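These are the structures, in structure tokens.
Both complexes shown next keep subunit A, but they swap its partner, so subunit B is in the first and subunit C is in the second.
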Partner chain A sequence: MSAATLYGLSAAALVGIGLFGLITHPDPLRKILAFNLLGGGVFLLFGVIARRGAAAGFGGDPVPQAIVITGIIVGFSATALAVALLQRLFEENNRTAPQAEGSMQGAPTVSSHDGDRGGGD
Partner chain B sequence: MAAIDAATAGGYLLVLALVLPYAGVFLSLILGGRYAERIALVLMPACLGVAIAIAAKVLQSGKALVYFVGGWAPPLGVALRVDGLSAAMMMTAAVVMGATALFARANFHQQRELPEARAPLMFWTLFQGIWGALNAVFIGGDLFNLYVALELLTFSAVPMVCLDGRAETLAAALRYLLFALMGSLLYLLGVALIYGTYGTLDIVLLSGRVGAEPTALVAAALMTAGLLAKTALFPLHLWLPPAHAGAPPAASTVLSALVIKASFFIVLRLWFDIMPGAMNQAAAQVLAALGSVAILFGSVLALRQARLKLLIAYSTVAQIGYLFLMFPLAIGSAWAMTGSSGAFTGGVLQAISHACAKAAMFMGAGLMAETLGHDRIAGLGGIARMMPMTTISFGLAGLSLMGLPPSGGFTAKWLLLMAAIQSGQWWWALVVLAGGLLTGGYIFRVLAQTVAEANEPAVQHLPVARGREGIVLAVALCSVLLGLVPISSFRLLHVGRFDMLAGGLL
Partner chain C sequence: MIVAGAFDLALAVTVLAVATWCVSVRATFAAVVAFVAFGLLVAVVWVRLAAVDVALTEVAIQGGIVGVLLLGATASLRRYKAAVAERSGATQRLAVAVFCAVVFLALATAVLTLPDPAPTLAPPVAASLLAFGLGNPVTGVLLGYRAIDTLLETVVLLLALIGVWSISPDRSWGGRPLPMHSAGRADALVYFARLLPPVGIVIGVYIVWVGADAPGGKFQGGTILAAMWMLVMMAGLRNPPSVARSGLRLLLVAGPAFFFIVGLAGLAISGGFLAYPAPYAKPIILLIELVLTPSVAVTLGLLVAGPPVRDARQ
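On to the complex of A and B.
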């Protein structure tokens, strides 16, 4: 098995794990992490493609490498936006339902708009 | 097969279409909320002018406008390319965005004497960001550029949903973002596979190379699935109703009328321009089947909603379904058959007329909610007397959604219906008709309430703004007037399409 094949299979595995997590986990924070795993898989695949296209004295095809750099920036901004939204949502829920704060540790809260954040941890 | 396009004269217009809105974004961020509105309103006519100039050039020359960024031709460089389809979508975007900007002034005006608020700055900056990203999607000639444009669009559209900062709109925005991110990564994965197989991402170059290889099929499936999540086709529509119904009216207008059409536009590019060879009837039938379920399911849910904005959002879910009926009707079959090119025109016309009609509906619903202080359908009694213009606009937009003549929606659905019958796929014709009936049901439900006597004396929260009512009426009239345009003038939509060129039909 060549290195490229190995990396290609790892990329496929990462994509699979990420997609599975994105679909099955109800907790938004885990969804965001799963999105990053999925993104990592896609970027690794671009890396494999770059390596496979190595020619003319280059260690790799520069186009996929440029794409990965842009992709990482986009993925980073997406993660930042998602985490900011999640944090805002958490603050907002705590502010509108302060009585739920005490019960946060033990029993699940009964706050009405908690549907998206249930389960997970 | 299509050869590499050469850069054409007038390519600078494409650069302007990108640079103007983003210049507005940066200026707004630097100068702050006191100037953001003025910047947006100054740039608006300029952007409209650019869109009109591009459409005129495309129609006049009968060829696509092409610009090579930095003077580097593909496969080394990146091309910007506008064919008739993109020109038409850019015009639609410019008209709807322009109307929305005028409408939004009352909601997002920064008063001179008050301290600077957050909402105006955010709204006008994001508004221009959405406009720039839409233009980037419509003129992108490179698959990876389209990915970046889609992400720009998502990042501008998601915060629009939660401008008011309430917990439920934040939750809706987060859900929208997660669906959109999953969609864009699936799309990017497809892009990776295509680059790995064909060594280029330029749409014109790919159109000649992509066949029915297994990698191309997998890539096409991944990209289509990702784009469907962004277009909110059933069963990936779950994020749409809370997001579109919770956003401020001016934001819902843009989201529902235009933002979901951008990803649909890329599906069209993918299926009809990049890989017509890889697409087969079976896949197209699946897309249309999903569309049919969306039409029936969305319409039935719209009938059951208690709130007006949610009803309109579910109506969007249903109307998206019509867009996907065009695939089995327009793909594969010989272009010499008038039916298949009619189906393509019908599908695109549905996207354009739905944009105008839905914009009018969301703006009208926003005005009604501002006047009454709520948007419960059961409490709309007496609104027709208070705001007759808005009620008429709602009815006119409904006419187009139902597909009654004369309206853009009628022409679109008629073309789809004719194509379904001509190609012997009568089952799609049944869906079109059933969808029309259900749409009539929920539109009538709203209109019947508006003309009913107010059961309690209607409390008027705010005086009715006649000027804003006029904007809503103008947009609603656009969706109706589209139906009076003779079908032959939709030739613009086919300018610069590869398969037409190959078939020698132009």
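On to the complex of A and C.
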């Protein structure tokens, strides 16, 4: 078995491991971690395909390699956004009964609970 | 040959073991540490796959910045006693395990049955490299052959930052992100944050500069620069800037905007979006990298710093 095939099978296993963690973990932060493992597996699959396409004096096909670099950066962007959303969600869920600072979102908006939450995703 | 094969096998087994531990260990902190180790090990896999550019990105982003981001999140979320759902039952976990095994088998079959003379785009890239005057094929793809992807990627980074900032409540708008350092004194860290940045900044700039001809480039170098900035913030020598500062916003937008303007100029001069006039291709690519690097570095640092909080430190 060539090194590329070995790492290809590892990448497939990583996708499986990450997917398992993503579905079964109740903690959202662990879901984000598992999601990154899954992404790591997908990127490695790209790397294996790039390695097999070695030609023209290059060690691998540069096109999938460049796409993986783009993918890693986009994956980081998504992770940072997910972590920020998660922190805000925990703050909202753990907010205790109206305190001094809570006057802004006090009584007037209580009746319109479906007010500005609409719109797209 | 046998040594290399044994090394590959040991590396693959270690990567999978660390990934399994990352998913299965109970403590979130341990899982994040496992993830950082995973990022470093996968970077070695990328070197074994002859993709040094990707290895640099992997080690800087997955092993470095994502680790800092998630460790920070672990620490700040620990304040809240998680009211999350209980772990799923054994039957459900078994069903999920079977499903994931099927996904693994499908992917493994795909890997084992890849077409044998593998399709490759390396020869056309090699041809275009001559036209661009570059020595690094990955940079050639990122900034020449598929520059539109890179342009959109810098826009995605910017959009993610806008998203992170938008999550802050109205009363926090215009504030600055929470300080990244803890309250206690950390003299060793302060010393480290004074000693390392001069070296790190030189290495970061070098990696950007060398990216035209050898592994490196703006994302790898920019990440190192961002890491130096984060180190200074984590040691408490500087606080994150206020998100309302117009100079900061200009710096964030400058890179993608310049890239876009170059693309439009290509439309006017060379007859195609992001088409570079042939004799000036290399200087234009270097200029784009140079302008993008500070934007990328600042965006990455601010993404880790998180949403603004007003009057966080009074």
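Note that the second predicted complex is superposed on the first by the 95 of 121 C-alpha atoms of A that agree within 3 Å, B and C clash if a C-alpha of one lies under 4 Å from a C-alpha of the other, contacts with A are read in each partner's own complex, and residues count from 1 in each chain.
In this text, a contact is a pair of C-beta atoms (placed from the backbone, for glycine too) under 8 Å apart; a residue touches a chain by one contact, two chains touch by 3 or more.
As the structure is a prediction and not an experimental result, all values here were calculated from the model.
By the touch criterion stated above, A:13 is placed in contact with subunit C alone, subunit B being left untouched.
Of the two partner chains placed around the shared chain by superposition, subunit B is the only one that A:31 touches, whereas subunit C remains out of contact.
By the touch criterion defined above, A:54 reaches subunit C but does not reach subunit B.
Between subunit B and subunit C, C contacts the larger number of subunit A residues.
By the document's definition of touching, of the two partners only subunit C reaches A:62; subunit B does not.
Look at A:40: by the touch rule set out above, it reaches subunit C but stays clear of subunit B.
Shared contact residues on subunit A (touching subunit B in one structure, subunit C in the other): 15, 18-19, 28, 32, 45, 48-49, 52-53, 63, 67, 70, 74, 77-78, 81, 85-86, 88, 93.
The touching residues of subunit A, when paired with subunit C in their complex, are 3-21, 23-30, 32-34, 36-37, 40, 43-45, 47-63, 65-70, 72-74, 76-81, 83-88, 90-91, 93-94, 101, 104. Within the complex, the subunit B residues that touch subunit A are 144, 147-148, 151, 154-155, 158-159, 162, 165-168, 170-171, 173-175, 177-178, 181-182, 185, 188-189, 191-193, 195-196, 199. On the side of subunit A, the complex with subunit B involves touching residues 15, 18-19, 22, 28, 31-32, 35, 38-39, 41-42, 45-46, 48-49, 52-53, 63-64, 67, 70-71, 74, 77-78, 81-82, 85-86, 88-89, 92-93, 96, 113, 115-116. Against subunit A, in their complex, subunit C makes its touches with residues 4-5, 8-9, 12, 15-16, 19-20, 22-23, 28, 31-32, 35, 38-39, 42, 45-46, 48-51, 53-54, 57-58, 61-62, 65-66, 69-70, 73-74, 76-77, 80, 82-88, 92-93, 96-97, 99-101, 103-104, 107-108, 110-112, 114, 118-123, 125-126, 137-138, 140-142, 145-146, 149-150, 153, 156-157, 159-160, 163-164, 167-168, 170-171, 217, 219, 300, 303-304, 306-307.
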